[in-house]
Structure formats: C-alpha cells, structure tokens
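Alright, structures below, take your time with them.
Below, chain A partners chain B and then partners chain C, in two separate complexes.
Moving on to the complex of A and B:
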C-alpha cells in the first residue's frame, strides 16, 4: 500500500513538471508579450527588445522555464520587481520566497495578494455545492438503481440525462428568468456583499444550484449504474432467498458494495467543477477565481493565468491521487501490480 | 439481461440499403435524432425561413422589444430579430461542431489504434502525453489555449481536438486491445495484410458500436463547448450570431427582458439534449 502510494506520488511529481512546462510553453507563445504589455502598443520594437533583455525574456525557452521555476521556488528574485525598471511593483513578502508567483500586470500587485480573496470565495462556493451534491446524487442514484428497469428508474434516468446535458450557462439563464425576473425571490448577481435587500446566503443560492445541477445528474447516473449492477450479483439473490426484505437488502448489502466506484467519481468531480465554477462565476458576477481566470485570460495577464492554471492542475493531481488510493483502500479485491 | 433476449430473437438479415437500418430503436434515441434533425434542417433552411436577416435592425421594434406578431421571439436591444438570429446561429454551431468532432475523432482514433495495436514504448509515450493533457480541467485548458492563440473557427477546432482526442484515444485503445486478439485479426495478419489494413479495415469497423455512441456524446459536448466559449467571450467575433454570445450579450438584461437570453439558451439546451439522448440510445443497442 505504502509502495503504491509512493509510486503514485512520484508519478504525480513527473506529471507536475511536464504539465507545468507545457503550460509555460502555451502561455509564453501568446501574441502579447510581457514587455509589449508593459510598454503599450506605441513602443518601438527596439524598446521592447531592450526590456525583453532586461527581464531575461530573450533567452531560450528552456532557460526561461528554469528562470520561472526558480522564481517560483524562491531561488531567484523576480526581475519585474526591480525598482530600476520603474514599474512600481513591490512585494511585501520580500524578493525571494517559496511560492512567488510573480506580479499580476492587470492589478499591478503580487499574484498572491490578488488571489487570496477570490480563492476563499470560490472554495466557499465549491464547498457549499458539494454539501448538496453528495447526498442528493447518492439518494437519487440509489433510488433509481435499486429499482432498475422500472418506470421510476426510467423517469429518474431521463431527468438526469437532460439535467446533465444542459450547459451551465443555459441553466443559469433559465433559473435567472424564473427566480429573478418572474418570481423576484432571489438576487440576479452575487457580489457577496450583504445589501439591504439580499443577504449573502441568498446570493449563494443560484450559483450553488447551477453548479449542483450538472454534477448531481452525472454522479447520480454513475451511482445508478453501479447500484443496478450490484443488484444482479449472486449475494443479492442469496439475501432474497434467506428472506430479507428489499429495503434490508439494499441498505445492508447493495449500498456498501455499490458505493466504491461512485466515491472515486465524486472526488474526480471536483476537477470538473472547476470549469463549472468559471461559467457560474461569470454569470452571477461572483468574485471568485474562475472569473478572475477568465479576466486574466482576456487581458493577457500571463502570471495570473499561469498561477490559477497551476493551482487547478495541483488540485487535479491531488484529487486523482486521493481517488486512486481510496479506491484501493476501499476495495480489497483490487490487486496492486 | 438484454444479452439473453437478443440471443433468443431470430436473426433478421439487415435490410441493406434501407434507411431504417440507421433509425435508432430506443425511444430516447429517436427523440434525440429528431431534435438534431430539426436543428440541422433549421440551419440549412435559415436563409429561406428566417423572417429577417440576422443583423438587420428594426428601429420600429425598439419601442416594444417583447415578442409580437412581427417578431415572434422579440428583438434584442439593437432591434435584431431573435428568431432569425437563433436560426442563423444554428448554422455557426452546426458548422463548427461537426468539424471539431470529426477532427477530434480522427486524431483520437489514430492515437488510440496506434497505442493499442503496437503497445510497448509507443503506448507508453502516447498514454503519458494523454494523461498530462487530461489532467488539465477542460475549460481551463480552453481558456489558456484560446486566450493564447486567439478566437477563430480554426482555433476553436484545434482546442476541441487537443482537449478531447486523448480521452477518445483511451476508449479506442481499450477497444483495440480487446479486438486485436480476435481470430479474424490473426487471419488477416497471416494473409500478410498491411498494418493500416488491419487497423482501419479489421479492427476499427468492429469497434464502431461503442464509438458511435461516444461520437454522439462528444458532439453534444462540442455544442456545449462552442456555446460556453461564445458565452465567455472566447468564441467567434461579433456581429454574426452564435447562441453562446447571444446569451452573453443579453444575460445582464434578464431581470427586465428575460426572453433575450432565454431563447438562445433553450435552443442550445435542446440540441445538446438531442445529442445526449442519441448517445444514450446508441449505448443501449
């Protein structure tokens, strides 16, 4: 077990290095370079070249990647923070520290200062959504799976199929139309500032619903499939023959055995939610990382795009690792090779 | 259970040349394909049936933006007919989606066949790269890519191909691994057929069942992607309509004029639901 965990961990490290390099290459290829952005559209090409030289951007790609990583782990000072450049960028944490993600050119602040608040907001959104997603999807999936083949199952599965298919932004629009435009029960935007009319909690309702809808449909379908398969196992027949009621069979035997695949899926769902979070936050003007990533991407704020993508990659890697390990830990039949 | 039912049913010869062969057998599949065909027809006939040109502004309608006899679904803030824009927008979506899906499938099938058939180093390299691409959350990958290379039809196709080819490759790889040990593949190998013949004429046609269902699901996902990119402002540049950007243009008006964003959103939903229902129906067969 420990061996397996260690091997997966080293794999994760390798993936982290390669994917961060890929990310670096893709973002560095974007047309608006950092120097061009600082100097503005009217700068002469030789001025841009000069600044490139100073910032070390004229070096080869692998060199630049190494520079970037050394700034990140605190071995080098970020050249953008040099007071001689007159960019007026400073970092209260000092020049060199571990986890230095550079400066956001959009906000003229260190990325870490920019990210703190939105990260907390998005984590809140994700956590509240998960509180609803887990019990709801398990309940719906178990209900459909335990009654596989019946009309109830067909209706639940069809509904889940439709709900999963609805894109997040379309779901957002439909909910806004009903609850904001016609009923007037909820606020249309969620700036997370309590106003006289709307409390912060009421501002969370619609974003959480949009986020939960798509995920619940998908996870419930997987729970249903796993439950339906477990229902056909011989031990269910044995339990039936020894006189247990259907309720007892489902709660005592089928759920325990049928929950292993959905649990890992739920963990991996966290990654899928990152995309949903971006859309959700832009619909409701929710001050989170997703909207920040979109703004940064449209503005061309390389440092911010790279940092947020790195964070989402790190989350993807860690959840994958936890999912793999928990799958093995929960299911003694899985042999480690 | 369905397996045993199938084996007891008399085998009917496939009516070759009859279009009925392609008509899905499940209710969901039929509903799905009807929705898709509806939008395909709407897109093809848009120039004939759309009441107005997509970018024409009706200044008279500005005093009453809501649905009326002249504008069945109302107009947007610029007085452009929403029904016409939805019909024309179907063309954008149904142009980009098939190209992107086909290109993703071509790439995914090629890498899946190669890694499944050759195994060894080829497999490890392809799977390694695929795993890394798959470790990016999809939408983040799109934002990074499109923000870097710029929004255009070609770039959206490239982004969708890059993001979905690895997972298609995984499915094809699994199917290839299973099929390459079959007798007919060994027989073809013995006859001395070329590797390409084996891959594309022996293995691929026999993997078509699960692949068709996946194709339909991917097309649905591509519709969502094209719409979402349009919504996020990473889609095609204005003024030509596409559903995603129509929603984005009008989403702030929802408290006052909800239909402006609602109708394009519903159009998008119905097409995506069509593709997922078809995928579900094909999976059951």
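Moving on to the complex of A and C:
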C-alpha cells in the first residue's frame, strides 16, 4: 500500500511539472505582455522591448519557464521586485522564498497577500457545499439505484436530470428572484460581512444552494447508475437467496460495491468547485477565489491567473491521488503490483 | 406421503412469449431430480419460479407446491422465510456469486441469520460445514476474500452456504460450468456425499446429460419449455424413448462411434405451435398426430414420454464403440515447435511458466487435440502460434520462418494466411454492425495477395459460406440474425478464407449446445478432409477431443505430459495425470489426492505434476525433471516411471478397487 502511494505520488509530481509548463505556455501566449501592461498603452515599442530585456521576457520560452519556476521555489528573486524599476512592489517575506508566486499588478501586492482572504472564503463555501452535496447525492442515488425501474427511481432520475440541466447562472437568478425579491427571506449579495439584517450564515445559504443544485443531480445520477448495475450482480441474488431483507441486501452488499466507481467522480467535483464557482461567486458578489480569477482575467493580471490556475491543478492532482487510494481501500480485489 | 416439491401444469410466459409449457414433475423427500436442456429450454426459469425470484414481466400459471405451500401465491414474506431456511440455491459462476468486498466468513454467517441457532454457536457451525465440504483449515478460509481462493474452492463455499441452514431442498443451477474436469468431478462427488449425509432433496439443473445422470435419481429432459421425457437416470442413456433424447444421446461425444448432430434449430417462442415443439427437427414427424396438443405417455418404472407417435419410435440402439482410428499420419510436419518457453513475472521474483520447453510437431492435415485444465498453458501456446503473444525463448517454425517472437502485426500477408484462428465465443468475434458478406469479404481482401474485383470477392464469400454449409443468402444478414452455431460456422469460414495451413481452434465449440457442437465437430473433420488444413483443436472436454483428434497432447502446467495417437492416449493412458483426467471424466476411481487439487503452486525442481501425483516413486520425482520415455510408436510420456511398470501399477490399483468393491 505504501509502495503504491509512493509511486502514485511520484507520478503526481511528474504531472505537476508537465501541467505547470503547459499552463505557463498558455498564459504566456495570451495577448499583451507584462511590460506593456506596466508601461501603459502609450509607451513606445522600444521602451517595451527595453523593459522586456530587464525582466528577462525576451528570452526563449523554456528559459522563461525555468526563471518562473526558480522564482516559485525560491532560487531566484522576482525581477519585478527590483527597486531600480521603480514599480514600488515590496514583499514582506523577502526576495527569495519557497512559494513565491510573484506580484499581482492589479493590486500592486504580492500574490500571496492578495490571495489569502479569498482563498479562505472559497474554502468555506466549498466545504459547506460539500457537507450538503456528499450525503444528499449519495442518499438520492442509493435510493433511486436500489429501486431501479420503479416509479420512485423514475421520478428521482428525471428530477436530477432537470436540475443538472439548469445552468448555475439561471439557478442563481431564479433563487434570487424567489427568495430575495419576492419573499425577502435571504440577502441578495454575500460580502461575508455581518450586517444588522443579515448574518454571515444567512449570506451563505444561496451560494451553497446554487453549488449543491449544480452538483447533486449529476453525482446522484452516477451513483444511481452504479447502484442499479450492482443490484443485478449474482452476489446480490445470493444474498436474496439467503433470505435477507431488501434493506439488509442494500446496506451490506450493494452500497460498498456500488460506491467504488462514483467515488472518483465525487472527489473530482471538488476540483470543479475551485474553477466552477466563478459564476456562483460573481452572481452573489462573494469575495472568493472564483470572483478574483474573473477580475484578474479581465484585467490581464498574469501572475494572479497563473497562481489560481496552478492551485486548482494541484488540487486536481491531490484529489485524484486520494480517489485512487480510497479506490484501493474499498476494493480488496485490486492487486497492488 | 406427499412429495416435497410438486409442480403441476406450470406454464410460464415472458410477456407474450411462452417459455415453459404445461410442465409437471415432483421431487420426493431425499430424492434428487435432474433437469437437462439446451440453452433456451427454460430450465433456469423453472429454478427462478421455485425460489420466487422471477423477472417483472414473467407470468406463471399452474401450481408449484413446496411442502403444501403454493409458491405462486405465497407472500414475499413467506417466500423469504422459505429461502433462508428451507430452500438452498447454488448458482452458476461461483466467482460472481460471492460478494467481492466481504470476507467469506461473514458471507457464510449471513446464511444462518434466519435460523434458530444461537448467535454464539454460528461461527462454529460455519467452520464445521466448511470442513465437511473439504476445507482442512476453515478458519483461514473464513478470513479470506473470495478472489483469494480458486474457482473450485469458491463453489465449495457456495455449497456450504446453501447447506448451512439445513434446507430440505437444494437447487443447483449449472453448479460446475466453468470448472475444470477434475474439480468438477470432485464437486459432483461432494454433492452426492452431502446428500446422503443430510438427506437433502436436490433439483439439479444442467446442460450436461452425463453429469445429471451421474448425480441424480431421476432425470427430466426439457426441450423448448416442454418436458419431453422423464426417466430414472440409468434409462436415459440406455433406453431413451423420445426422438429428441435419442438425438441428444447420439450427439454426445464418447457415447457412440460417430457424432450425429440434430439438424435444425430450437424454435423461437414465436415459431412454437400448439403441438410437439420438436416436430420441425424430428424424423418421425407426421402432421396428423404431432401438430395438435397431446398428453404424455407413462411407461413402466416412472418413465414418462411426451410423444404422440411413441408406438412408432424404434427403441434406441446405441452405436457403442470407439471412434474410428485414422491410420497414423506420416505426413511431414508443417509446424515445428522446439524448446518453446513463455514465462510471466509472478509475485516477487518468481516466474510463472506458462509454456515450459515444449517440443511438438503439427503434421499436415492432421487434427491435433490439445487437452489440459485451465492454467495449463494451452491457450498461451495457441496465442504464440497466432502471434497475439510472443515466446520468451524457443522456436516455432512454419515453412522455414520462425514465428515464435513475431507478433501478428509484424507478420507478412503470406505468413498471416498460413495460420488462422477460430475463437471461443462466436457472438463477440463477429462485428455486429457489418453483414456476414462484408466480414468474409474483408478477410478475403486482407489475405489475398493479388488484386480482386468486387465481383470476385463476393463470389468467393459465397463460396466460403457454401464450404461451411450455410446458405449464400446469409451473406446479406448481420450476425444478430444468426444462431450461435451459424455464427461459429461464419467464424470458421472467415478463418479458412485464406486457405491456411494451420487452423487454431481454441475451445471453439465449448460455448455451443451439444447438438450444435456435434455439427461443428463434423464440419471441422469434413473441412480437414477437403482442404487439407491441419487443426490444433484445444479443449478441456476429453470426450470431445478424443472424438475429433488424430493425435493428442495432454498438457499440465505448461508441459506436455503425454503425446500419442488418440487411441493410444485413451485406451492406454500411461501418464498418471492422463489417468487421473480420464478417470475424472468417467467417474471411475481417482488416483489423485483431491485435497491437493487446488494448490496452484509451481513445483520447483522436479516433475510439475508431483504434488498431485498418486504414483510418486520417491525423492527423484521432487528433485529431478523426468525425460520423455517412448511407450510405443509416436507415444511419449513425461515421467520417471517406465511405461511397463506404469501398466503394472494400473492393473494393481484396478484389482484393489475390485476387491474393495
């Protein structure tokens, strides 16, 4: 098991290197350079070229990638922080440290300082959403799958399909109309600052609901399919022939076997949360990473976009690792060779 | 006394299709009843009715009484109580019937949940039952997961599970399909042993007439949902009366000198009329008496036959005897295999030897039978010759080219033409989206060297269909529209389209019903005569291999144990392994240690068979590899004991049985 985990970990490292390079290439090829952004639209081409030279941006792509990684792991100082440039960028952590993501040009601050608060907020949103998503989708999926082919299954499945088909922005707007405009039960924005009227908890309700709606239907359908398939396996019939009741059969024999395939999907939903919350956070003006990513993208803040994307890549890798390991733990048949 | 299970005029419909028609039979207490039928005869549906687990679309009419309770009108609760305590069930495919994520002990304990045995005593009960089904170490087995034990062991666990609540009736649905012959024999013996110990009644369902008649007191023969004949087990082979039963016995390998297939096919539910369902395939059919409903005739000794013209059906004459022995073929070898070895990395640093220094010749236009249990490396050998796998070392020479390490992708067209293969399952070998004509045409185009016009490809495809005795009209059909036997014929036609020197047939009839199987065997023999293609016929079915082969190779753990002509190997099986295999097939005394059957370990230094051998002569068997000894012209055995001495030993042990009996 340890051997397996270690091998997986080294594969993860390789994936991290390759994907970070691809990410770097893609963002570097986006229109506009850092120098142009710093100098403004009226700067002359030779001024831009001069700054490019100073920042090392005229070097070849692999070299620039190496520079970027060196800054990231703390081997080099970020050229933007050079006081000679007069950009007035400081980093309180010093010039070189591990995890230096550079400066956000939009906020004129180190990326780490910009990212801290939104990251915590998004984590809160994601965690609360997951608390609802996991048990709900499992419960619904198991209920439908264990009764496959019945009217209950049919109603649950169609409801899930309809909910999955509603895009988050539509769900957000519908919820806003009903609960904020008509009923006035909930706040329309979620700045996460407790006001007289709305507590922080009440501000979380709608964003969490939108995320849960978008995910539960999808995951529940996958759980249902896997459960329904497991119900047709001969060992389920064996259990029936032992005279076990349906409840006993489902809880003892079907759930563990039926959960093996959907597990990966469920864990991958975590990733989707990181990237896909953009819409949700924008609708409710929620101060999280998703909204920040949108702003950074619109402004063209390369360092910030790179960092957020890199973080979600890392998250994808780690959840996949967790999924693989729990797959092995659930399934005694998988041979670890 | 009323019988334990009594079925009266049971009819079963799936939607509008009738799958069982007016079925009546009964099983007394302590009695065992066997139901035999080919696929689609409705035998498993009957089992489902008895345990009350029918598909939603099924409707049943008639009555099924179990100890006075009508199962068709019983409440789900009543059925559940019956299942847990009074009716046991052993399904086919033990591997899939056990929950892969639960330890065996817990799964067995569940079978006792409905019983009155106090919770504390249950573990002990389970352990005791496990030792009764032949496990030396029940505690260790209970702690394992199903995938950690062999198929035979899994089926023993299933049998233990069915017997744990001490039921009055145990249903066995194809309990040995997928198991090796030696394991199958052990399982059947276990079942009849336990039956005498517990006095349990059995309903044994199988496609295998041999097996059923061995394990049961009475046998019922099903055809398309009709019980055509019911007789004491002994009479089924000796004096079958229904034309279908007679036909079935005639096409069983090992029963007569020449296999006689039953022509035609089982009528699909929409083709079934009110009269005799076998009419379309029956030689004695007369529309005046056979096409209306009629009753079964009861003869002496509880022998019932459902035939309208019973008086005119001649008594069965068995054409007993051995298959015709072909003259020893002295043709030059077309394939020469030398020192062929294939190893796979196993756990740790050990190697698993799938093929162990095989030396073998395949001669021109001969049928070479290759027998062995699963894991003996017979399929690996075929795969290497076909190029789906490459050998670790050694050579396979065909026409001067060594193909042992030449994967199929790198073989030139001329080489591809020379070796072709027919696979086990015809359903999955033919592309369902293309017509038969397209499939054959493509094979012809790919294997032909010169350019062919569209017209000539089409005529060649029709010619190929004719060769395997199919109507040319089938060329425009898709595989779905064909029966299993027809599909296998197409697969054979495809393989033959390049006029190969060697046809590899890996278990190519084992997925087919016996009546169809006999026809395919007949076809292969006929094709060999007409095209001169040599056939490597791989099978686990000993009787079948004997029927078709000129020469036979018996493999064990990657090594040929005995090579000889069919009559040499079967009439005088010298090698202890061949002897064990053949005795398992016929139910004669076993010379193997049954407890050792399921220890798949590789002997390190000595003879690969040593762990299971009943004739070990001493340390030499464990430490030294034997060499091949000549036992007659073209007859070789891989053993330390000289052939003459083996014959003496065999005589002695047969005498011992006679004295004991």
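Convention: the second predicted complex is superposed on the first by the 333 of 337 C-alpha atoms of A that agree within 3 Å, B and C clash if a C-alpha of one lies under 4 Å from a C-alpha of the other, contacts with A are read in each partner's own complex, and residues count from 1 in each chain.
One rule holds in what follows: a residue touches a chain if its C-beta (ideal position, glycine included) is under 8 Å from a C-beta of that chain, and two chains touch if they have at least 3 such contacts.
As the structure is a computational prediction, the values presented were derived from the model and not from experiment.
Asks: Given the touch rule stated above, what does A:135 touch, chain B (first), chain C (second), both, or neither?
Replies: Touch status of A:135: no partner.
Asks: Is A:177 in contact with chain B, with chain C, with both, or with neither (first, second, both, neither)?
Replies: The first partner, chain B, only.
Asks: Figure out whether A:282 sits in contact with chain B (first) or chain C (second), or with both, or with neither.
Replies: first
Asks: Go through the superposed model and pick first if A:316 touches only chain B, second if only chain C, both, or neither.
Replies: First partner only, chain B.
Asks: When both complexes are superposed, which of chain B and chain C contacts more residues belonging to chain A?
Replies: On the superposition, B touches more of the residues of chain A.
Asks: State whether A:330 touches chain B only (first), chain C only (second), both chains, or neither.
Replies: It touches chain C, and chain B stays clear.
Asks: Who does A:272 touch here: chain B (first), chain C (second), both, or neither?
Replies: It touches chain B, and chain C stays clear.
Asks: Have a look at where A:240 lands relative to chain B and chain C in the superposition and call it first, second, both or neither.
Replies: Second partner only, chain C.
Asks: Just to be sure I read the superposition right, which of the two partners does A:256 touch: chain B = first, chain C = second, or both, or neither?
Replies: Second partner only.
Asks: Starting from the residues of chain A touching chain B, keep only those that also touch chain C in the other complex, and list them.
Replies: none
Asks: Quick one: which bits of chain C touch chain A in the complex? Just the residue numbers, please.
Replies: 51, 53, 56, 80-85, 88-89, 91, 93, 96-102, 107, 110-111, 113-114, 145, 147, 158, 161, 165, 347
Asks: Mind listing the chain A positions that touch chain C in their complex?
Replies: Those in contact with chain C are residues 149, 233-235, 237-245, 252-253, 256-257, 330-333, 337.
Asks: Can you list the residues on chain B that touch chain A in the complex?
Replies: 1, 28, 131-132, 135-140, 143-150, 220, 224, 227-228, 231-234, 244, 247-248, 251, 254-256, 258-259, 261-262, 265-266, 268-269, 272-273, 275-277, 280
Asks: So in the complex, which bits of chain A are touching chain B?
Replies: Its residues touching chain B are 15, 18-19, 22-23, 26-27, 29-31, 158, 161-162, 164-170, 172-174, 176-177, 180-182, 188, 232, 271-272, 274-276, 278-279, 282-283, 293-294, 297-298, 300, 305, 308-309, 312-313, 316-317, 320.
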